[in-house]
Amino acid sequence: VSFSATTAMAKSKFEYVRYFERDDTCLRNCYIVVRLDGRNFHRFAEQHNFVKPNDERALGLMMRSAHSVMEELEDIAIAYGQSDEYSFIFKRSSNWFKRRASKLMTHVASQFSSAYVFYWKDYFGEQQKLLYPPSFDGRVVLYPSNRNLRDYLSWRQADCHVNNLYNTVFWNLVQKGGLTTSEAEEKLKGTVAADKNEILFSEFNINYNNEPPIYKKGTVLIWDKVNETTTKHIKLPHEEHEKEVTVTRTRNIITAHHCDIIGNEFWEEHPNILEDDGC
Amino acid sequence: VSFSATTAMAKSKFEYVRYFERDDTCLRNCYIVVRLDGRNFHRFAEQHNFVKPNDERALGLMMRSAHSVMEELEDIAIAYGQSDEYSFIFKRSSNWFKRRASKLMTHVASQFSSAYVFYWKDYFGEQQKLLYPPSFDGRVVLYPSNRNLRDYLSWRQADCHVNNLYNTVFWNLVQKGGLTTSEAEEKLKGTVAADKNEILFSEFNINYNNEPPIYKKGTVLIWDKVNETTTKHIKLPHEEHEKEVTVTRTRNIITAHHCDIIGNEFWEEHPNILEDDGC
Amino acid sequence: VSFSATTAMAKSKFEYVRYFERDDTCLRNCYIVVRLDGRNFHRFAEQHNFVKPNDERALGLMMRSAHSVMEELEDIAIAYGQSDEYSFIFKRSSNWFKRRASKLMTHVASQFSSAYVFYWKDYFGEQQKLLYPPSFDGRVVLYPSNRNLRDYLSWRQADCHVNNLYNTVFWNLVQKGGLTTSEAEEKLKGTVAADKNEILFSEFNINYNNEPPIYKKGTVLIWDKVNETTTKHIKLPHEEHEKEVTVTRTRNIITAHHCDIIGNEFWEEHPNILEDDGC
Amino acid sequence: VSFSATTAMAKSKFEYVRYFERDDTCLRNCYIVVRLDGRNFHRFAEQHNFVKPNDERALGLMMRSAHSVMEELEDIAIAYGQSDEYSFIFKRSSNWFKRRASKLMTHVASQFSSAYVFYWKDYFGEQQKLLYPPSFDGRVVLYPSNRNLRDYLSWRQADCHVNNLYNTVFWNLVQKGGLTTSEAEEKLKGTVAADKNEILFSEFNINYNNEPPIYKKGTVLIWDKVNETTTKHIKLPHEEHEKEVTVTRTRNIITAHHCDIIGNEFWEEHPNILEDDGC
């Protein structure tokens, strides 16, 4: 009994340790970007027999996990993913978690990882078992202007393109061309994009432009408004029979796009993603 | 073709956005504590029929997930968990992830969450399906001295005790005493530890001191050295027959403890957890 | 001798302490505001017989010190001062001191304080000696957009106005109206701006609008281009006599303004102070 | 009138800009070091005819300015200066300015600079006028343990020694040896401490060990308790004549030392400067 009393008092004696926590509030009126990267996904991909250079199941699972993050966390305006990375952009006006950087990034990392394991079977089926819990690390970066944010997203999409072109040629050389991985590496050393396109076309009859957009452009997730029309049966008090009524509701849903986000077109078509710099 | 070339060049044009990332290196020679807390675990516990006041399956799964974090990340000297929270303490001399706070906490949050889903079935079996991916949020706190770190851990263990005593009485009043939850709440208002012990004893014949240590003290995970003795059969070149040889190897393994960590005894028994303040 | 050798070696042994310094680089593409506030200037003003409610010598010395800061530090686009405070705004594109917050604010605080003592005699003459070295403290705040920065400056100017109106009435009540300071305080309790204007007009025949702009608006320092015309005497090689030549050079000088900076007019007249949000 | 009302209201409209300020509280239980460095003091020394390699007036003025900082700011346990730099160490338990890094470093920088100009004449007299306001920049570094703090101070004192030995030989070669500065530089390239001592002794008959401690060791400022004995004349009510009474009071004063602080002796003699790591 006396022990309990002591402990209760002790608790307040120890409580001073709270004040060692640092305030890490993100600067207001800036976009908050949380980017996740797979940890040791090279090895993970091998162990789980990912198809090279792109595994549709893996890309689908990444998209599903990102979808789960957007559904659970408020104020994510847009997400962009490619390969084993995903970026989540919180509105510049967001006050979610009081803009505390640590809370934002750990919650994103946790939700994404948890969803990745949860939905694994939906994408990889029963044959390809998940062998161990995978993990992602994250970071937070702030961008003060729309130009800076768009340049960030452009940077990631350009990275997607550059890597995918390389990987597409590399794995064709290995899988169809019969080269070893080091021979393929050697052959691609110093080549520019035009050279790589040429190899694809002349050696493998592949026109890179016809490759699936999800490989070339990655995945953009945004909120879209959709009209949902439902039919309801209503009986009004003063009427004898039910009436069929058509009800149209606007609902926000997450939609996926595999289009260019470097140019202006995408942003002009979706003017509500960015908030005005004039704020 | 020209598109690709442009994109490759564009990539370097966008690369300046890298420099918006902030350096968040943790001050050296301080313990780095990463604490995770379950998000909406009150609701999660209800939906997954957790036993009140303590669900052994849930506590076991938390421990398994923490174990996974300690195995995967370097330099965690000790972890402490209770209820839906877990604290991981990195050595003050650790240089893991170059001490970058964001990387440390997101990696911990990700690994823990991923493991939680991965090992769910091992603890909850087939009957209690996991309904959706749960999540945890995290934070980083630095402690400059051994005293500060021990006070942090004491604070969490005192919190465990205070909550568990309350919950034990509360749920006995509800489950066995037939009170509604608001009646139980009302009855406990203003009571001190001694009162609660008395209710447990006189009304339910429960001696709180005999409750399972894991409920009263939470769980401490540390690295322990164990001697593993294996028997090998060796045939030496100049001998005719195999010989049986006993080999003893020291191996580091993670062990769980449900003991008091507020007093000195635990720390005297495990002198290698803390590094000297004189560093 | 051996001591010296030891010390030289020791130096490198101690050098690890460098790595405890934190990187405090200011987020790019944001305006960096350094604001200084006088320490205990209430007492300082009394001890140095500042005229109430506004001392022209003191305001002049503040302006001279701010001028010295702008001359010595690069990239200050605009400064605003009132009472015993001054704000210095570094260009959002500035890379001065690699945008290190600590360097920026300490350099501003040091230069300002040093200049304040250095130029004291130019403003207070020989009669009013400086009794001890005064000091200022400072802080850094970042603003991501032009709107935010203008709102910051508007906030400081509105503060100047509100305080000056109050002080003008207060000191008229005391100095001319014969009230004690507590009577004056009492009388002004709960009054709005209109009431204060009315007291000034009906009791002291003062139209607040005619008060000097430097009191009502504070001081704005900006860089202005001026054309300087000088006459030079030049003798060309193939000519016999010197020729008088008029040379016009554009030079950047710091100019002081005591005008409204809340409305748009000032900013339209000086379009080069702010950099475009679209950057 | 209406303008005033509008401005008053406007002020509150703009006030949101306050929330862009970042919390920069220093981690508790760590020593807070603020170090100042002279800006362009090489040039400043030349323009003000500082004696090479050490100018006693300049060192005296630095010490006087540091003294002023210690008198004005609370909780500085020790200061160390050499050449044109000074380090101020706040107690690890200090709560001055709520441990806000920006306030601490700007206040130190401001007080020091202001004092430097204020006391200039006391050290340089009327002959050597101060030509312009000099400035210093500063930084904040935290040290979690006594060992780290002592190593920081040792680092600065070792730096003092290494520089002073070099400068002493260098300026003897130039001033007495008749070498140009580049010849002296060339001659010293690659030499170790023993070589420099040898040059001093054989060429200039100087035993470096006999150089003034202030040059070799820099200046340490600490608080010391002194007993002040004063004689008071007291007339007690029931007595006829005054009595002479000796009153002894303990007072804290700042004392300067030019001794070794790398070894243990200094710290053993002044056990109250450091606070125990066990806190």
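Lettered A, B, C and D in written order, each chain numbered from 1.
Going forward, a residue touches a chain if its C-beta (ideal position, glycine included) is under 8 Å from a C-beta of that chain, and two chains touch if they have at least 3 such contacts.
These figures come from a predicted structure and were not determined experimentally.
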> Among the chains, which one keeps its Cα centre farthest from the Cα centre of subunit C?
Replying inline: B
>> Can you check which chain pair, C-D or A-C, has more C-beta pairs in contact?
In response: C-D
>> Using Cα averages as centroids, what's the distance between subunit C and subunit D in whole Å?
In response: 28
>> Nearest whole angstrom, what separates the Cα centre of subunit B from the Cα centre of subunit C?
In response: 53
> Where the CA atoms of subunit A average out and where those of subunit C average out, how many Å apart are those spots?
Replying inline: 46
> Which subunit B residues sit where two or more other chains touch them?
Replying inline: 20, 22, 27-29, 142-143, 148
> Where on subunit D is subunit C touching in the complex?
Replying inline: 1, 4-5, 7-8, 10-11, 13-18, 20-22, 24, 36, 39, 68, 72, 97, 101-103, 105-119, 130, 132-143, 148, 151-152, 154-155, 158-159, 161-162, 165, 192-194, 196-197, 208-209, 262
>> With touch defined as at the start, can you tell me which subunit D residues reach subunit B in the complex?
In response: 27-30, 92, 142-148, 277-279
> What part of subunit C is in contact with subunit B in the complex they form?
Replying inline: 19-20, 22-23, 25, 27-29
